[in-house]
Every structure is written in structure tokens, then in C-alpha cells.
Amino acid sequence: MSHTQAAEGLIAAGRRFHTRGWVLGTSGNFSVVTSRDPLRLAITASSVDKGALEPSHILDIDETCAVHGGIGNPSAETLLHFEIVRRRGAGAVLHTHSVWGTVLSDSHGLDRGLAIEGYEMLKGLDGVRTHEHREWVPIVPNDQDMTRLASVVGRILDEHPGAHAILLQRHGIYTWGATLADAVRHIEILEFLLETIGRTRAYRLRGGHDGPAQGS
Amino acid sequence: MSHTQAAEGLIAAGRRFHTRGWVLGTSGNFSVVTSRDPLRLAITASSVDKGALEPSHILDIDETCAVHGGIGNPSAETLLHFEIVRRRGAGAVLHTHSVWGTVLSDSHGLDRGLAIEGYEMLKGLDGVRTHEHREWVPIVPNDQDMTRLASVVGRILDEHPGAHAILLQRHGIYTWGATLADAVRHIEILEFLLETIGRTRAYRLRGGHDGPAQGS
Amino acid sequence: MSHTQAAEGLIAAGRRFHTRGWVLGTSGNFSVVTSRDPLRLAITASSVDKGALEPSHILDIDETCAVHGGIGNPSAETLLHFEIVRRRGAGAVLHTHSVWGTVLSDSHGLDRGLAIEGYEMLKGLDGVRTHEHREWVPIVPNDQDMTRLASVVGRILDEHPGAHAILLQRHGIYTWGATLADAVRHIEILEFLLETIGRTRAYRLRGGHDGPAQGS
Amino acid sequence: MSHTQAAEGLIAAGRRFHTRGWVLGTSGNFSVVTSRDPLRLAITASSVDKGALEPSHILDIDETCAVHGGIGNPSAETLLHFEIVRRRGAGAVLHTHSVWGTVLSDSHGLDRGLAIEGYEMLKGLDGVRTHEHREWVPIVPNDQDMTRLASVVGRILDEHPGAHAILLQRHGIYTWGATLADAVRHIEILEFLLETIGRTRAYRLRGGHDGPAQGS
């Protein structure tokens, strides 16, 4: 995929996610692999409004983070994109920062992860064939030292080879896919599931049908 | 209705439902009967984004699931569309997959259904003349064996001849209508009622006005 | 205001409210007084989608409900519009049917009303000058006998001369204004306040800052 | 920034916030400093719909509140804008009036403020470099005497020199920035955080992972 095509796709994804409130402020960041060897990413510049991205906000960077096109600087979180691209062979990495992702990554942080099991929507994740799938979403403590955080994320990715996503505590979700369309689909599915788990617990506070709560 | 007209209507319905978050990922599927004898359906292809449907995503299929137009494959859930079309004489079948539909189909699954009673909004369902109507929405356990699931759905449709919809557990709602407009109206009404029941329970957790909760 | 101008305004209001989920299905109905003597209303036809109103869906009716323009029939609830127009001298009447309006009209139905007090947003209601205002929103039991319901609504309007709105139980809100813009503003304010009261109660279930809950 | 440019920015901000339900009715008000010495503000006129602002709704006022352009009157809350502009050197001041801002300003009013701590989203506030930041949002009792309220707000701004925002009880939030874009970003961040705190408490009502609730 050319950098220009990748940029168009990322701009559209930004509008879509901003409308839903998943990348408010200047939160979130997105990338697409435009070349594998040597590695090149189209990635959103730091501190830009993801709901109003322009082509110049999409940087063309190499694996040293040198900027070959676009205006601005790569986010410090670019290191996480590299970890995911390398360890998962991903073609696109998306990070959103929703209310429910923040609530659940916070409330389940001590468990180091959140189990999502038994939902039909899980079948939209790459390689999942049945709703009986159990997805473990690891939760990583937030850290401003991005080198250290990238190292932790790398280790977690290796420890959970089947995971489709990682939550950063009180920070939001990272997911990825072979293509940008796959990664966009994963975001929608995971945000849906996080909201569903969040509302299920509130619903079940009362009444007699309270099996074990999801996600705990 | 011609296949082309049916496709236009399904594309518009997909945009409408995606905006509300009722068909995230590639969830949901929709059909319109374009011929009754021999039976022909315009139906969404499997694994497409319902918020960005294009005419080629709407398949023209016959009752053997052979594809006569459009690109892609029919979803395995096509069997459920056939059951509903045949047993209810429906002209359109819509399946959405909302957060509240998932929460309630899960939390009330052991009851095998959910009662909705006393709401003015019920009068928007075909043939309902008073808010005093009691709608029983059967809940069917989810199943990846679509032949078996279609058989269960068929039996449930016969056992509940007055039902306007069926919930699949942790999967979402199916409803139908004589026309696509009727089915779209049913989706909006049922999604509204599921959300209303969900929020009513949370609201009533406290305070002195707690009659028996709806839906339990 | 001419019928054509009134119709344009009602079409825009319908789109606005449908987007927010306040008139799903074919719920809700809206009117504007186009002549006072003799009385003529521009009013939405029964059973139309308020999010996709066309000029022909806006009927031109007289005080006997005879239709002088537009296609379709007046809703049975037209009688409530007449009661409000006559007793309040309103220039526009709007009825929405939101989730929170349904939840609160249901949960507070036994109280026959809901108090809203102490909110700055109240100052947007006609004639209210301070947030210390106490608005009593009467709740009327729902009834399919519209002649009887109109009579009850008329009596309630007289008993509560300061009320800016009425809730029908499990059915939604009616409000009005001197102009359509005033009535649209009242809908937004009242829907906001109902949602705020609903969420306040859920929020206060825990913790030590629980003064008396609003609305009870 | 010219008055015309400021007006365009405020119109766009109004549409954005109205879509999210943060300035329903005629709530909210916005300003941009167009000249520092002598002080001139572009500010929304009182009692206009912030979702449908037109250039004439943006007043050009001086520090005596005299109107040099636009149609209508400055809101009584203009005094708060002046306090913030003078004490913080702000280039733009925005006031939204959301459901969650109202709920939390009400429920935490007795504490005179709300602590927000440990969220990555805090890093979007001017000058904040780590999620470990603790933001104290002062809550000021609402008051219809705007001279008195402006005086209290001025004192609170001085007592909390690091604060990025103030909540008026049951009334909504004021924030500001060096530029309009900064203030818009602050609104999105703060509204996100208020909603997150609100939903976290409801989520944590049940289950074993209940550390101390945020915001209390």
C-alpha cells in the first residue's frame, strides 16, 4: 500500500473513531506498514486531532523513527507500534482511548487482564471460529518511560501469542491486523465487547439471574 | 421489489444501524424477499462492514443459497433468514447486534425469553393495538451449527406465533416485517425497548418506587 | 407562519430528534399553529418515520381534524395537541419518546410526577429566571382512549398552570412553546434533565456524598 | 486572530459540542480574545442555539461589555470569561454543560472539588507531562448574581493556580487555553474524564476489584 493510500485510510478511520468518542482530545494513534523490508510506517503525528486529520499529519517514518514525509513528530508511543508490527507481523496498528476501555483497564488492572468469553462478536477477530472462544486481553500498567513500556509490551505479546489486543491501564486499547480494514474491525469489536461487559455488570446488580459476571 | 431497489434499501439501513452502533465490526445481516415463487433473496454477503455496504455486497440468492449476483458468499446465518421468511411470510429480515441486545440476551438467557409489557412503543409492532400488550421475546442459545440453530429457531417461531422477534444469546436480535420499512421500524422499536429495560433496572436499584422490574 | 414554513421546521426538528434517538420507530408527533382563528395546525401524520419526514407527511388540519393538505391521517394524539394549544396558548407542541423519558415516567409513575430542582438548565424554560426554580413535571397514566386521555391532560394542565411539560407514563414527554424554536429548546432541556436525573441516581448508589436523590 | 476567524472557529466548536449533547437547549457559551490591549472578545450572544450558530451570533465586545458587532446581548456569564482571560492570560474560554458535568458537579459539590488522577488522558492538558498528575477541579456553587459569582471564580482561580478548569455546581464546566484549539482539546479531555469517573463508579459497585473510587 502506498503512503498516500495508507494516509487516506487512516484519515477515514480517525473520523469514524472520533465520531464515536474513542479518540477525544488528541488521544489515539494509528499506523499502517507501507514497506516491510526496509520497514516503513505511515503513522499519525503526535498531538493532532484524530477527528480532523489531514494528509500532512500522517508521517512517513523508517525504523529509526526518522521522518521522510509529513509535518510533525512521531509520538513516543511509536515504539509500541514497532513492537506489535515486528512480533505479530501486523500490517496496521490502531490505538483508541475510549471511556469503557479506560474504565475496564482500570478496574481490572490488578488482574493483569480481562477475559472475554462466549460472545458471538468474538468471531470477528482473526482466526476465531466460535463464540466459545476465550479471549484474554492483557492489561499493562501505564508508564511514561516508553522504552520500558515497549519492552513490557513486547514480553506480554510473546507470553500471550493468541491475544488480539492489549489494554494499557487507564489509557486505552491497542489492536492490529493484517490490513487496516482488519484492524478497524478489531477496534469496533473490542470496543463493543468492553462496553457490553461494562453494562452487563451494572445490569446484573439486581435480580436473580446473576451468573458469574463477565470479565472477572 | 427489484434486486436493485432492495439493495438500495439495505445499504441505507446498514448506514443507519451502524451509526447507532448496532452492527459494529462485520456483525449483523439483512435480507429482502425479491421473489416469492421461486424464492429469491437480496441478502448481505458474509463478513462485510454494514456501515459501508456497496451494491456488490448485496447477493442475489435462491433457496439453495446459489448466488446469482453480487460478490462474496452468503453468511451461514442465511438459513435463519429462510426459516423466518417461510414461517412468517416475511418480506424482509433484519439482524442487529447491539450492546443492549447482547446484555439482555445474556442476562435473561436462563429464562429462555424476555417479557416486554406496558410500553407505548410496543404499538409500533405489527398488529399491536395497545400498550397493554405483552411481548415475549424468545431467547435461543447461540450455536455454531447453523443447521441445528435454524431448526431450533423454526420450532421457536412455531411455538410463539405472536412473537415479533427472537434474541440469540450473546449474539443479538432477529426481527422481520412485511416490507423492509416495517422491519427497520421493528429494529428501532426493539432496540429502544431493550435499552429502556436495561436502564430501568439500573435506575431502580435505589429508592422507594421499585415495582417489579421489567423484563424479569 | 405559513404551512410550508412550519413543515420545513418540523422536518428539521424530526431529523434532529431522530439522530439523538428520541423518536425511534414511528414514535413522537409534532405540531405548529399556522392560524389561531380559525385554528389550523401543521401536524405530523400518523405512523411516519420522524427522521425522514417529507413535506407531504405534514398535514394541514382544522379544529375538527379535517385534513386540508398532506397525505395520511392525523394521529389519535392530535387531541392532546389541541388541549395544549388551547389551554396554554402554545404556538408549537412537541412530543418525543426517549429512553430516559420512558424510564423516569415509569419509575416515578406512582408519584404522579417528578420534581426537577436546582439545575441551571431550568433557566432555559420560558419564564424561569433562576436555577432555584422547582419544576414539577406531572406524570399521567397512559391510556388508549384518547378522548379520555385528552380530558385528563386538560385537567392536569389546569391544575399545574406553571408546568412546562407533561410525561405520559412509559410513553414520553409533551412540551410546547410560543414558537417552534421555543418548543425545540424545551425538548432539549427536558431530555437533558431527565437523563441527568437518571444518571445521578446510578452514580450516587455508592459513596458518601449522597444527599437526597433528585427526582424523588 | 481576526473577529471573522474567531467566529468561524466558535461556530465549528458549537456544532461539534452540540452533536455530542454538551450544549443542549441554549446552554454553553464560548469566547476568543481577538485583541489583548485594548481587550476585545469574540463571544457567543446570550440565548442562542450553539449547534446552529451564525456569524451574527458572535458578538465583538470590549471590556465594558459594549457590543461593537453582531446581533444580541452578551450573556451575564461574560463576567466569568473576563475573569479567566485576565487571571490566566487565556486566548479562548469555553463553557459546556454536559450531563456528566452536571451529575459530578452536583454529587461532589460538598467537597468543593473533584480530583482526577492517574489517567493518561490528563497529558492532553497544557503543561501536564505524566498520567501521574493529580488535577483538582474546583466546584463553585451556582449563583444568579454574576458579579458575586465572578468574584468567587476569580478567587478560586488564584487559590488553584494549576487548575485547568472549574465546575459550576449543577451547571457545567469552564475551561480555557492559549488558543481556541487548546480550549477545544481541554473540553474534550475533561468531558471524557468526567464521563469515565461517572461510569467507573457504577461499574465498581459490584465485584472484588474495588480500590478507592476515583473522584472521591
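The chains carry the letters A, B, C and D, assigned in the order they are written, with residues numbered from 1 in each.
We adopt the following convention: a contact is a pair of C-beta atoms (placed from the backbone, for glycine too) under 8 Å apart; a residue touches a chain by one contact, two chains touch by 3 or more.
Bear in mind that the values here come from a model prediction, so they are computed numbers and not experimental data.
Chains making contact with subunit A as well as with subunit C: B, D. Rotation angle, subunit C onto subunit D, C-alpha superposition: 90 degrees, expressed as a multiple of 5. Separating the CA-averaged centres of subunit A and subunit D is a span of 30 Å.
In subunit D, the residues that reach two or more other chains under the touch definition are 202, 204-205. Interface of subunit D with subunit A (complex): residues 20, 118-121, 124, 129-132, 181, 185, 188-189, 191-192, 195-196, 199-200, 202-211, 214. Those residues of subunit C lying in contact with subunit B across their complex are 21, 24-27, 49, 97, 99-100, 102-104, 106-111, 142, 144, 168, 170-172, 198, 201-202, 204-205, 213, 216.
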